[in-house]
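Both complexes below contain subunit A, partnered by subunit B and then by subunit C.
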Partner chain A sequence: MVNGYVAASLQEALELRAAHNVVPYAGGTDLMVENRPGVAYLFLNKVPELKRITVDDESIRIGAAVTFTEAIASPDVPQLMKEAVSRIAAPAIRNAGTFGGNLGNGSAKADSVLIEFVADAKLRLVSLRGERTVDVDKFYLGRKKLDLGNDELIAEILLPKQGLEQYYYEKVGGRNALAISRVSFAGVFAAEDGKITNVAAAFGAVADTVLRFKDIEAMLLGKTLDEAKALKADYLRAYAERMVLTRGRVSAEYRKNVCMNLLGDFLTKFGV
Partner chain B sequence: MEKISQSVVKKDHAPKVSGRSVYVADYPSEGVLCGKLLRAKVARAKVLRVEVPELPEGYFYVDAKDVPGDNNVNIVLDDTPVFCRETVEYIGEPIAMLCGPDPKVVERLRDACKVEYEELTPVLDLRAATEQFFDYNFGHGDVDKAFAEADKVYDEEFETGYQEQAYLETQGMMAEPEEGGRMFVHGSSQCAYYIHGAVARVLGCGPSGVHVLQDVTGGGFGGKEAFPSILGCQVAVAARKCGKSVRCVFDRREDMEYTSKRHPSLCRYRVAVKDGRVTAMDIDVIFNAGAYSTLSAVVLQRGIIAAPGIYNVPNVRVHGCARKTNTSPCGAYRGFGAPQTFFAVEMIMDHIARDLGVDSLAFKEAHLVKQGDTTSTCGKYHFPVPIPVMIDEIDKACDYRAKRAAYAKPQTGRFRRGIGMSMYFHGAGFTGSGERDLIKAVAKLRKYKDGTVEVLASNGEIGQGVRTTFPKIVAHELNIPLDKVYYSHPDTARVPDSGPTVASRSLMVVGELLRRAAIKLREQWVDGEEQEVEERFKEPDFMIPFYIDKFEGDAYPTYAWAVNAIELEIDTHTGLAKVLGAYGSFDVGTPIDYNVVLGQMEGGFLQGIGYASIEKMDYDAKGRIRNNSFSDYLIPTAKDVPNLKCMLHVEKYPDGPYGAKGAGELPLVGAPGAYLEAMEQALGGVTLNHAPFTAEDTLAVITKEGI
Partner chain C sequence: MADIRFTLNGKATAYAGSAVDRLLDVLRDEYRCTSVKCGCKEGECGACSVLIDGVLYNSCCVAMGAVEGASVVTMEGFRETKRFAALEKAFGEVSAVQCGFCIPGMVLAAEALLSKNPHPTEDEIREGLSGNLCRCTGYNAIVNAVNNAAKEGNGLW
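So, the complex of A and B:
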């Protein structure tokens, strides 16, 4: 017997969340399969505040219960995010699966989370106590460990409005559909006045959390393309040393090989 | 298209697509006990003691001591126990079955059982395994002389892995004690009479003490040829002890880990070449049988008979063995031993051609068998071999020769392409004289007063369409509407034994019996009367008798033929291979239903591509299979090979109904050869020796070769 609470508004959802020991449930694409005995769910798919995609001065705000299919159809969601979520599973899963669920599941293989990492996304977390905004990389404390209180819900994902136009994305799955990522990579590049202003690189599905090394990225920031080219070998070596990958359905060696190939190709694509 | 080939709506279409079909798990649970197996946790051990928790009223513990007859399941030999003997021989081997009304309680009781083992060293390395279940030798010509006189000798080893059938419906059987003591066993299966024989022996009753019904079955692919006999015996023993109906339906992990899969293989080919021609093959085939022999004898026989491929090799020596390891017993899977050896022979022919500096296709064409030639077992290819025409059909469909030449040139850039081809047969029906000596198929037609006709045979519908194609043949011959003829799921209490649903035999062998029966009925037809006619299998006169002790004679009356081409593009950054096109020309004789046959060809070809590429399963150092879910063992979807083109080439077989031959297994068999040949070309002409060849394998070659 499944015990569940259906919330009709965010306020009601927060009250239920605070009052009961519940597992937040949006699309259920992971939870249905998991089918944990004796769990009470808080159904969030009817909460209008969590179903919206809005744009303000700085951010594109994607509600936690927005489905991947809805995001793909939205004119406001950046192309990079659309590309990543359009590779998730198959249409039926994308029709149900949500951004909040992808985050809340806590997996480094989550395809939308990779993009949130590379885009320096922020998450708005809410509870009856109030709300707070955290950087996505701070939200992930480890494998399946999240900085989310028992009374908190993920309300929105905040993506920067600009700066994601020049990107590089690749998903390596075991097959072309219905496949969990074995390696995923996203890179974002920007330059102004001939100098690199952003060279973000994130690696999914290769460790306990999505990997991003901002200190290595800093090697190339403020550099011209020519200067960056000269530093490329050092930059790649720094990544190769830093990336300690886990084995999963494929070996750690394979994962590293793919990561390094894609990282190199990312730079090449943008002239470095 | 001939009238008989024109497609109709399958008889089981509506109940299946509307969800009304009743599978074994769908029968009401009221009064039925749930059975769950207590399984071995180690690969090899003496079982010293099982501490069973106190059982609540209505709950039962069933083990070998409860077997009323013989604790051996009859398959080919009788070495598979119903419940383990003093030792367990693989991880997952059934020790006992816990039964009771509430599945959760049964599971809790099962998990509370404490098994005390004295662990023994398991045999897990196929190369090091010494115990052989079966060992066969055959050949012809003077192999040693040919090697002595050869210009060059090639010596290579080929390896293939497990393949899981991945039918949608897991294994499930149910046993119901009937009044008067008869045991009714039914469930997901392919061979009702196999189960019947096995259960009768285990219960120690005569054949009349049992009857077996095939329930609606959600796919088999060979995986439900022998395994349901084991599970059927287990539930029957449990039902006898409990005095109640017992049902056991596996969950997916249980099914993937512990039920039979395709045999992993290790094939060594030594080939002598003189003046640019293959003069001799000396072939050594090793199959990993797992812990019990189950179907390994017959799987191995089919594998080694196909070992020299479809090439005319004057001197042949074949040695084949099935070795015991402490792993899940392997069994039947579409292709039945032949995909392993056809892969090896296609690769070695390709490698020799490359070494000789000639094109692989031209080299293979120069060695092709033709009508009248001798088979590997000194039988005869009695009928035309349409391979040359089929090669041309494939060439036309994908511009094979031009692409093969273009991709052979040095390639640069991130993406590289290759195309490869394989050609092969599938021997139709049981190997050797099995149809004549073992099966002796009988089929009947019963006409009712209202003019409807029922097909009485034991072949099960497993998606291949026999509930439609059997009636189609009968309706055609009687010249009555198709809806006047029907074929229900076989129950051994009311149908004769027309043999198992295996070996691509049902349509060719039993379909022909039904055609002849229909002619008989037509000749005797009297309106308003109930009538019954019967036909029995007769071996065609042209057959050269087969002797299994010598592997001599016609192993098959005829062959289904195929040519496959696969074109792919690899990503040198990730090792991922994109199949740009897969092209198959298949000769299964006259298709009895075009859509049914085409569906079989497309599905089987895709399964073969999975076998060649992504379907990787292995056991670890303890003998445990880790790839036990659909997220750890991936099979291809339509998205992986969107450009899949199957064509039918019709070379009629005079002794099959309207010229039909065996169809079911053919499309899977040749994919690994074509896939790996394409992969070799995309990787700049490397030599590859194993399947599946995964993205990880591809990237390893790219890194090693500096591509």
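So, the complex of A and C:
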């Protein structure tokens, strides 16, 4: 095959990745639009180890070459993730687009990546040298900059099995179908014995990477709903000060207003 | 170097060009499957929709290397089926076709939808066709056509 290698197994894929200068190709939906000149692809769409969704004691593990359509049909994928990926583009793109590709493309607009940030997902990266697991927020070093070696492949996305049940998700786009996110927001909430145990908030499409501020979230951790309500104004002010947003298809001011409105609405939904 | 082997409309074939080439371009230029239209090259319009192993894809967003070993169906192949006859009749009866540019993709999207969901609701039809843009009809006639095809072609899907 000219300018391409088809891997039939993960081992073969890793050998090809190490031996040649190749771009990993899973679904192709971003790569074919980008259409880089002089490139050779490593086709991963037939690697069985990357096509599985499995569940272990702690995690739901989504293979990097699993498509969005396959995830939507899986009983194991959390509803929050399903809701986000079902809003991606249209059926033909969801049939092709994959979780690994959404990550590897490096965009802060990637709808599945937003959920991975808010869920504290981990990524399993593999190479012939071995494997390592990184937190998704550490994987993004900057705009389109990833912590991924030239010989490495994204193998799996690990989502926590529990804790994503109570969520808030909004994607703001220019139209209903085929919309690229202008602002996307995901929040996850949990409380035990009347005290807040998780109040994760992630903002997509508004900066070089997905944004999440765990130190501001910590303001509300361990608080009762009434205590959190009293802190709400300070909490929102902290976000407003911290969020420096980029201009995209819409102005930075518009994006910030939308982010703040969604954040406030997220807290209201869960009684804060 | 080995060619890329795949099946096009039921016939085995081999492509000797680059694995990076767009399926869309190869179908049109190499195989003269001109039912496959190029509207955007960005996966936004659906005019280049094809079925690969029965699943709907935008052929502009598929590299040739990805179809190694796969079965590709375009309108040139699908038009030989009974399902196509039912869709053609339904599209004609409600005047769902005007300029026709989007129609091969629209019909293959309908086939992909009905083969998974033989009795879709109107919302499900609109979702199934949501990746296929039409600048002429305003969509309602197309939605009606797919709905009628599902009813009248009962048992085909």
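Here is the rule we go by: the second predicted complex is superposed on the first by the 270 of 272 C-alpha atoms of A that agree within 3 Å, B and C clash if a C-alpha of one lies under 4 Å from a C-alpha of the other, contacts with A are read in each partner's own complex, and residues count from 1 in each chain.
Throughout what follows, a residue touches a chain if its C-beta (ideal position, glycine included) is under 8 Å from a C-beta of that chain, and two chains touch if they have at least 3 such contacts.
Just so it is clear, the model here is predicted, and its values are computed rather than measured.
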item	value
Subunit B versus subunit C as contact partner of A:Ala177, first or second or both or neither	both
Which superposed partner A:Thr54 touches (first subunit B, second subunit C, both, neither)	neither
First, second, both or neither for A:Asn45, with subunit B first and subunit C second	second
Partner chain in contact with A:Asn261 - subunit B first, subunit C second, else both or neither	first
Contacts of A:Ser9 with subunit B and subunit C, given as first, second, both or neither	neither
Per-residue contact with subunit A, leading partner among subunit C and subunit B	C
Which of subunit B and subunit C A:Thr246 touches, first, second, both or neither	neither
Touching both subunit C and subunit B, counted on subunit A across the two superposed complexes	176-178
Residues of subunit B defined as touching subunit A within the complex	414, 572-576, 614, 631-632, 634, 636-637, 639-640, 695-696, 699-700, 703
Residues of subunit C defined as touching subunit A within the complex	1-4, 16-20, 22, 41-44, 46, 49, 55-58, 60-66, 68-69, 109, 112-113, 127-128, 130-132
Residue ranges of subunit A in contact with subunit B within the complex	170, 172, 174-180, 183, 249-251, 254, 257-258, 261-262, 265
Touching residues on subunit A, where the partner in the complex is subunit C	1-6, 25, 27-29, 31-33, 35, 39-41, 43, 45-46, 69, 89-93, 95-96, 176-178
